[in-house]
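Below are two complexes that have subunit A in common, paired first with subunit B and then with subunit C.
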Partner chain A sequence: MISGVFGKKSLPLVVLFLVGLIFLPYAAPRFYIYLASVILVTGLLATSLNLVLGYGGLYQFHHAVFYGIGAYTTALMLTKTSLPTWVAFASAPVAAAFFGLLIGLICARLSSLHFGMLQISLGSLIWAIVYRWYDFTGGDDGIHGIPVPEAMSATTSSYYFILAITTLCLLLMFIIIKSPFGRILQALRDNPERCEAIGVNITRHRIIAMVIAALFAGAAGSLFVILEGSVFPELLSWTLSLEILIMCLLGGWFTFFGPMLGACLIISMRTFAGNYTEYWTLILGLMMMLTIFFLPKGVFGFINQLFSSKAPDLPLEESSHVAD
Partner chain B sequence: MLQIRSLRKSFDGFLAVKEANLSVNPGEVVAVIGPNGAGKTTLFNLVSGQIRPDAGSIRFKGEDICGLRPHQLCRKGMSRSFQIVKIFSRMSVFENVQTAVISRMKKTSNLFIPAHNIAVKETEAILEAMGLIDKRDSICGLLSHGDQKVLEMAISLGSDPQLLILDEPTAGMSGEETARAIDLMKHLSRQRGLTILFCEHDVELVFSFADRIMVMQQGSTITQGTPDQVRNDPQVKKAYLGSHD
Partner chain C sequence: MELFTGLSFSVLCIQILVGLSKATILFIVASGLTLILGVLRIPNLAHGSLYMIGAFTTYSIATAFSQSSLGFWIALLLAPLIVALIGLIMEQGLFRFLYNRDHLMMLLFTFSFTLVFGDLVKLLWGSDYRSLAVPEIFQGSYSLLGMPFPRYNLFLLLLGPVFAAGLWFLTNRTILGKISRAAAVDREMVGAVGINVNRIYAAVFVLGCYLAGVGGALVAPTQNISQGMDHSIIIEIFLIVIIGGLGNVWGALLGAVIFGLTDAIGILVAPQFGIIFPYLAVITVLIFRPKGLLKSIW
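Presenting the complex of A and B:
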């Protein structure tokens, strides 16, 4: 499988890391707990994007839409209905998955960049609706003061809730990637024509992948509501989509934990460099350029390469992208 | 098993395939030969559903298959390899073949069981037969060209086809590799009873191996027959083999 850092050897590492995260609130001040929550939520979003981007080879340029839809679904259910809280949270991934299906049905037949362009347009359309529909979504003001239950909204308890859901989602995504479905998805990325020739309905497979990715993005969106207690149209904005795309590339988009690492790097940098200069994106841009030049597989991809001699360092596209 | 009648396909006014006729009986090894640009690859792409014909008919096991997508044809028992290697370059050799087997077993939508221990025996049997077993875990993007071509064949076998279509299976191979590939094809035909349709540049090689040969020139079928018939066909002599005899 691609860059197998998560083999039997690295499992203890992952567990160790998780234990560290569980004990974080005992060691770190409140601000760092909050920061860790932000990283987890954004990292989950970036990982869900990577499911279709790195593993599926689909240029899903506007993935944040599903995140926003998830967040808005939870927010609207909590403010405008009297349904139980768990329904509000459970319906976020469902709503996002539904929109994933809708956009997937329209886009999945197109190839690479055409797919990306159409996906941006459809996503921006949804953003515009949310941005303008004052009566329903609160327009550009968003929705504030969402009644999240006390037990979930305090810094530490929200951290634990977010950690639990994120871990669960990552585990599910990892299982999906290792499943036959995930295998075919990677085959589709490596060579769509060959994939079709071995009997795979590639359009259908792509749509299912988009639905799954949207589902997890929606879950991340509902976690955002717990964290912030408010939603706003920026959650569906194209800039956020770009940001998570950069996280995937920076962390390593052919690795499972790359996007999470990317989220960690970028959010920490924004927080700390943001203290000194408002032009922190300048540093980000520079880092991105250096990454592309020197670590084309991202930070995690580079680490993988150091530890496994198996990973090839040659560009592998050659054989699969030559025109017939 | 496969009947092609008056097949026609044009690209932007250029008639790549004008009047192609071909029949393949079960268990046969049929070769398509013709000079460069005769329309061999286009013909194969038409048969395997990569492109749609403008006119004519293609029947596979008695059923009209015009307009079916490649994945549907694969499900009907037709599998192909490509002239330019198309493999899953980031995966290992084993995973490449296993992926085809997984697809054939219709497990592609299974989300929750690990893929790596599905159909291990079957995949290994294919690799064994194709002589790739000792390269089982190499990343296939890094294999030699000859091995990649053989891997192409192995992936096609993963679909357990009745009809195997090979588009220039020995293109770009060294003499030694070519001999090996031909041996493999003979093995597949005799041991497994596979029907094979292939096209090839090397005329001598084709005559030594194929049961029947179809000759194409400028998009049209000139003749189809046994090697002896083709060798003695005046039209073929004139058009294609003139320099050889």
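Presenting the complex of A and C:
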């Protein structure tokens, strides 16, 4: 089944890469293992955003909210309740998906920029509540020293846990994108009017897509808790939402692994440039401008174009995705 | 007269006035954003950065002329012009080539400007915060209903209507305003009748940036001028623009008043959660009128 899903060309590459990641802890020092974990978690978040952004054509401007909700759910369950650990981790995606449903129900009837704006305001409300509710969420200090089980929190074991969950989530997302539902989603992006004419319920599909994306973002949020052992309101901030948008753009948002590549590029550059200069965001900003000018489809999109290989997920017409 | 425990009528009145004077600054900055959004269709995230640059430039100019009592006024005159010049360079140098891209690309492009500007401000002014004294003639406060009301806030309150009237005149009574409103509705048609649309776009963009600079200059004496003031204002003015109706200057005024008032009253009612009230108001408006209170130009 999997070979049918991945296609002949990319499957060997993906498997090779995965094997490389599995053996990484034997070859690399601890810092690089940690860095790889950060990239995997952020990449999972960016990929879940791309599900609605690149494939669904929705202006999901405030996706980090779901990530933050997932992280806070796990953190609050671990610190304030005595439920088993797996419940704390399982409830994160559920809570995020619930909020995805809620925000989706309010936003989905709008289109393009209005959709994004309403989402920003709803997301900012959630951020403001988390930022100020000291008794419950710890306010702007966040929650530190979350009791993550010892077996999970050590660098190598947390890496393997994150790798396993991320791989599982990516596989699920890939299957969703290749499923009939995913195809309808892409059709909705390319031509909503025609889809409606042949009887597709646009609003319902968009809401379902948002719920799915929020679910995976929540999973990424709970992985963040394993990695860092703390949560803070910046996880729900608009700046983070824009950063993951940049990752999608840089890697290429009509490709499946684009956001992961974007996360990898940005996080590793931030880590290494941070050693030399404190003006890292200046470099990032200039890099973004160059990308938008010269590589509007991102690195993967550019590679696809270069080898003129068939890229089945690209929108049909350049402008149709844009139309209001 | 006690409305709630500890909340008297006069406190409420003063708080409303303070809220309105904050709304003035929000309106001036948001009207710039809404002009750019309405005519050029750029969701300009760099607007907050331009506002921050305006505030820092005001600080520098005012301290350079600190021996003269006119320091702040010279800064109020010059700083927005510098910001407008930056806007002109941005528009003519870069944005001009990207008008056919979609909103998302433009949003990310302007976001990369906020990253660059944020670091440039850090490079030029350092990462400490600055503060600027209120100009001499507005120091002190008036007594209103037995409560002190800062003179500078009264100045801001009076300035709001002036700017609203000026913008109304500009958009409704001048050639530039009429053409730019036409260009907002149908760019190609305006070009077809022989008007240089690129120049109109540049003019509107520069005007919008100028307004951001004015907002930054006016806010400089009232709060700490710091890194990060770009992030806090950009989300507020975006919400103001969206509840007012995209591209509608009167909508920006209405939105700013709603935002300023709910913020000021929210702090009185529930000090800890004061920050939440404006967002709640925005969401209430958007649930009932998802495209904003007034007619959007789009």
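Assume the second predicted complex is superposed on the first by the 301 of 324 C-alpha atoms of A that agree within 3 Å, B and C clash if a C-alpha of one lies under 4 Å from a C-alpha of the other, contacts with A are read in each partner's own complex, and residues count from 1 in each chain.
As a convention for this text, contacts are C-beta pairs under 8 Å (C-beta built on N, C-alpha and C of every residue); 3 or more make two chains touch, one makes a residue touch a chain.
Here the structure is a predicted model, which is why all the values come from computation and not from measurement.
**Q** First (subunit B), second (subunit C), both or neither: which does A:T281 touch?
**A** second
**Q** Just subunit B (first), just subunit C (second), both, or neither: which does A:I143 touch?
**A** So A:I143 meets neither subunit B nor subunit C here.
**Q** Which partner does A:S124 reach: the first (subunit B), the second (subunit C), both, or neither?
**A** The answer is second: A:S124 touches subunit C but not subunit B.
**Q** Does the superposition put A:A197 against subunit B (first), subunit C (second), both, or neither?
**A** First partner only, subunit B.
**Q** Which partner does A:L110 reach: the first (subunit B), the second (subunit C), both, or neither?
**A** So A:L110 only meets subunit C here.
**Q** So, A:C169: does it touch subunit B (first), subunit C (second), both, or neither?
**A** In the superposed model, A:C169 contacts neither subunit B nor subunit C.
**Q** Per the contact definition in the header, classify A:A97: touching subunit B only (first), subunit C only (second), both, or neither.
**A** neither
**Q** Between subunit B (first) and subunit C (second), which does A:R183 come into contact with in this model arrangement: first, second, both, or neither?
**A** It touches subunit B, and subunit C stays clear.
**Q** Quick check on the output: what are the common subunit A residues between the subunit B footprint and the subunit C footprint?
**A** Touching subunit B in the first complex and subunit C in the second, residues 322, 324 of subunit A appear in both lists.
**Q** Once bound in the complex, which stretches of subunit A touch subunit B?
**A** On the subunit A side, the touching residues are 1-2, 175-176, 178-184, 186-187, 189-191, 193-202, 205, 208, 212, 254, 310-312, 314, 316-320, 322, 324.
**Q** State the interface residues of subunit B toward subunit A in the complex, per the touch definition above.
**A** 41, 48, 50, 69-71, 74-75, 79-80, 82-92, 95, 98-100, 102-104, 107-116, 118, 137, 139, 141-142, 148, 155-156, 158-159
**Q** Enumerate the contact residues on subunit A facing subunit C in the complex.
**A** 53, 59, 61, 106, 109-110, 112-114, 116-118, 120-122, 124-125, 128-129, 131-134, 238-239, 242, 245-246, 249, 278-282, 284-289, 292-293, 296, 321-322, 324
**Q** For the complex, which residues does subunit C have touching subunit A?
**A** Listed in rising order, the residues of subunit C that touch subunit A are 43, 45, 94, 97-98, 101-105, 107-109, 111-116, 118-120, 122-123, 231, 235, 238-239, 242, 246, 272-273, 275-276, 279-280, 282-283, 286-287, 290-291, 298.
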